[in-house]
Amino acid sequence: MAKSGLLSSSLAKKYAMAATGLFLCLFLVGHLVGNLQLFISGEAGREAFNVYAHFMVSNPAVKLLSYLTYLSILFHAVDGFVLTKLNRKARPVSYAVEKPSENSSWMSRNMMVLGTIMLVFIVVHMQNFWWQMHFGAMPIQVVDGVELHDLYTVVYAFFNPAESMALLSLALYVAAMFAVGFHLWHGFSSSFQSLGLRHAKYTPIIRFFGRAFAVVVPGLFAAVVVYIYLIQA
Amino acid sequence: MLDSKIPDGPLADKWTKHKDNVRLVNPANKRLIDVIVVGTGLAGSSAAASLAEMGYSVKAFCFQDSPRRAHSIAAQGGINAAKNYQNDGDSTYRLFYDTIKGGDYRSREANVHRLAEVSASIIDQCVMQGVPFARDYGGMLDNRSFGGVQVSRTFYAKGQTGQQLLLGAYSALSRQIGQGKVEMFNRHEMMDVVVVDGKARGIIARNLITGEIERHSAHAVVLCTGGYGNTFFLSTNAMGSNVSAAWKAHRRGSYFANPCYTQIHPTCIPVSDDAQSKLTLMSESLRNDGRIWVPKHSKDVEAIRNGSLKPVDLAEEDRDYYLERRYPAFGNLVPRDVASRAAKERCDAGMGVNKAGQAVFLDFDSAITRYGSTEANVRGIENPTAEEVRALGVAAVEAKYGNLFQMYQQITADNPYETPMKIYPAVHYTMGGLWVDYNLMTTVPGLYAAGEANFSDHGANRLGASALMQGLADGYFVLPYVIGDYLADDIRTGAISTDSSEFDEAEKSVTARIDALLNCGGKTPVDDFHKKLGQIMWNKCGMSRNAIGLREAITEIQALRERFYKEVCVPGRADQFNQELDKAGRVADFLELGELMCKDALERNESCGGHFREEYQSEDGEAARDDKGYTHVSNWEYTGVPSEAALHKEELVFDNVELKTRSYK
Amino acid sequence: MDFTLKIWRQEGPQAVGHMATYQVTDISDEMSFLEMIDVLNDQLVRSGDEPVAFDHDCREGICGMCSMFINGEAHGPNRLTTTCQLHMRSFKNGETITIEPWRAAAFPVIRDLVVDRSSMDRIIQSGGYVSVNTNGNTVDANALPIPKPAADEAFEAAVCIGCGACVATCKNASAMLFVAAKVSQLALLPQGQPERTARVEGMVEQMDLEGFGNCTNTGACEVECPMGISLDHIARMNRDYLTAKVANKG
């Protein structure tokens, strides 16, 4: 009866969005654990953060995960663009008057806009730190005889108010975290719905957790950066 | 001479014996035989699906945008079946007997018994299709009592039984469409039947999107096109419900049986203004708990109409619970025809409670108090306050009728928990229709009629929850058997050509009719004529009729029809989507049928079921049947002018039941 | 009451459409929305113009034929209400009301406010049924007990009137709520089990072929659905389709 393969159907595209989206939520947690160490000031913080950063680029298991992350981001973004394009095609003539706010949240309707902001942010962000870490000229810290890239110092320098671009960077970073938060506000529980995981008892919990996640995680990311900026002011 | 082809033998064996004796068509030959089914309500969908399953090549037609929209969908209450799941003594015979008696002894015994026989299979079939009937906590099917019978035999799916049954039949039909065994024509209107060598061999249809006139041939044509309640303009029928297919069949030789039998449903929401386009039914089940009343005194009526007195403030002794007064034995639960006439009697006496004077109250106040006290007892509340009782009672009533109350409030903006509902009778169903024999064949060979479109099972008055039963019985369990007996002669006929003089003639007459409507050059919209016709019918051929009024009505309708063809304005063209043109064609047919209905009502000098002639009533105003003179079906043969149609009687023979006077006192 | 109406007029499927403005006066607040359109059409016919074409039939909220996008919402501003059950008392005197047809690639406009929804029929034809032939000898209806909660939930899905408001409302013109209602109804009942896998695959495939958009879980359909059909059913379909595809041998 049905000839379409798993990947070509509309539902399959949704499963892929949901699965990669949830995986990227895990990535955010991992990333956040590292960033929180930037709260620790002085040498202790510098060492803890750099050791963690070194572990993240050298451990083979983490490496595998990081490739999965890159793939997920890519897939999530491409799939998102494809879906948006198909969805636009499904309504070639738009309405003269629409009142979408009567029946749905702004976030749920603007996942593509929020996602695009995030994608731009990710590119800039990786250029600023990831590229620097892997290919740039980095200061070095030696811990237990191992030479570590001193990313801690690079981050602190990047958000040092003395830098002319620091305030702008800070503002853009915080703005991007808002985009992440809004995206997650809808995206987290939506992923469960797409995978068919809905239950009268558990769905409210998932929704609450998703919204808490959407506030707390990007909030902490932003807090770290604001802290770094303020403490050096 | 009309031959109803009722099989010999004892009543209970007739159908079984008949099934054993009808000729069969072998599977290879069925593929070579085409059947056209017009209409996709319960009868049409189930017939088209069943015939296709059997192997016939089926073409199905509906005027709506999808077969799922047919007006069977609006039936609320339920479907009867003699299952005796409640162990209350129900049986095939009792269902048969109740239907015959409810129909005021004006239906055919053999057909009604067959209906009762197959009723149980309908429930089995629908459940297998996934129809979600109401169930009890043990997972078994639930039943309710309905229409004043003494057993609980009505199966239901909340207030949407018709919808669920139709969607079941629609899914069966969809399966056959998906397999290519039924070719479905949505948005197509049947414009004429084509009769070749005395047999129905096809139809002319109009594609309502493009306006194209199409020829479709077949070895048999089945009309499942519903009733003609819209002759009255205002009715509970859908806006598109029409008589055109049946009327075209009548003009081509099918006799029209008992056109004057119309059912007026007592509990509808009253007309609110001049632009009213249709009436909405409130389920009959409301009469189980609601009490019907009007004020006793004219001064109170006046005060209620102008808003200076709230109905809840009128003292108990100033109210006239007229059904309880007139029919102490049955009270508010008298049959539909009796309840409707009683409401009309009070409103004609000037006691109507809305501005137009055409409404009575349906009051749930005592039910709320009664349920509230019971609930308080159940919960062990001692000496509950009036407010507590009321709150508990409202909750209980809401649990029972919540969706109906909500619907009422949506339409009227009145809160029926706080103020009594206003109701008034409205045209709901038509028992008359195309005459058919035991095999559901009309007087034109090869032309069948099923469901509300035929006349066969409900006599002069239909019992609640029986319309759904008849539609599905005809479509699932009767037609598929009986049609083979006729088609067995056609296995060597081959495909019917549409290039024949008969098809030419039919198409020409269709085109001519359309041209006449479009080119009349008048200024008056179609609806004006329809409303005018409706007024004549309602006033003179409605809940009660008399010879003088009916004669006037015939003259008035003839004049109106003449005016219609001179003054109607149908804008637009024939070769496009043109709803005014669709409407005009239907109204043109109602303008002829209305006249025949009056003629039939005038000819039937008795009162029976939904037909109440003022001249024929007992001293206390009850219907007086004339079993000696009128125990027959009146069948009308088209002769050109509707009121000059030729009458052919089919005498009704009652071997198994004794004719009695219905009494509800 | 008086109203200014802005209505989409389009003479035929290929014609270019436009918004036209009309005035209606002396409208009673008791009138239904469609009766108000009747008044407008009466006015148009009397003045020699062509009336506005619109789909409608039962006018009691159950047939699913009426379909208007009123002031930016499918079936207008009221919840759990079809256009035919919307009354003029829900509008303010003097208000401007914009009326458009359902907009979706899978619902091409036939004329004015009338669209072709046969794509929904084709979805049902590709699996929205239980394959049981008519005969008088299926098992007795009570031989198959169905737990009341399952029967009730199946009923809640089965009340779908197939109006297409979900598609009209969805920013992606997705038909997921419509398809899911049927898939879920039959998935909840024992009668639906034998074809459960094939059904969901067939219906989803047809849905995609018809050019409906994808579900992005905005939930707008559930809010605008006149029958209040829940997103639960979409989740059940997502689950069933995933299971079907994973278990599929082909």
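Order of writing sets the labels: A, B and C. Residues in every chain begin at 1.
Basically, a contact is a pair of C-beta atoms (placed from the backbone, for glycine too) under 8 Å apart; a residue touches a chain by one contact, two chains touch by 3 or more.
On a predicted model such as this, the values are computed, not experimentally measured, just so you know.
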Self-check item: Which of B-C and A-C has more C-beta pairs touching across its chains
Solution: B-C
Exercise. Could you tell me which chain's Cα centre is nearest to the average position of every protein Cα atom shown?
Key: C
Practice problem: Between chain A and chain B, tell me the centre distance in angstrom, where each centre is the average of that chain's C-alpha atoms. | Solution: 63
Exercise. Could you put a whole-Å number on the gap between the CA centroids of chain B and chain C?
Key: 26
Self-check item: Between chain C and chain A, distance of the C-alpha-averaged centres to the nearest whole Å
Solution: 38
Practice problem: Specify, in ascending order, the residues of chain C that touch 2 or more different other chains. | Solution: 126-127
Practice problem: Write out the stretch or stretches of chain C touching chain B in their complex. | Solution: 11-13, 28, 30-32, 34-36, 38-39, 41-42, 45-46, 48-51, 53, 55-65, 81, 85, 87, 89, 110-111, 114, 116-118, 120-121, 124-142, 144-148, 151-152, 154-155, 158-159, 161-162, 185-186, 189, 191-192
Self-check item: Residues of chain C defined as touching chain A within the complex
Solution: 6, 8, 19, 69, 71-73, 77, 98, 100, 103-106, 126-127, 169, 171-174, 198, 201-202, 204-205, 207-208, 211-220, 223-224, 231-232, 234-242, 245
Quiz prompt | For the chain B and chain C complex, residues of the former touching the latter | solution = 46, 49-50, 53, 64-71, 73-74, 83, 85, 118, 121, 123-141, 157-158, 160, 162-164, 167, 170-172, 174-175, 177-178, 184, 186, 209, 236, 238-240, 272-273, 275-278, 280-281, 407, 410-413, 476-477, 480, 523, 525, 527, 569, 571-572, 576-577, 579-580
Quiz item: Considering the complex alone, what residue numbers of chain A touch chain C?
Solution: 1-4, 6, 9-15, 83, 86-87, 89-100, 102-105, 108-109, 111, 186, 190, 193-198, 200
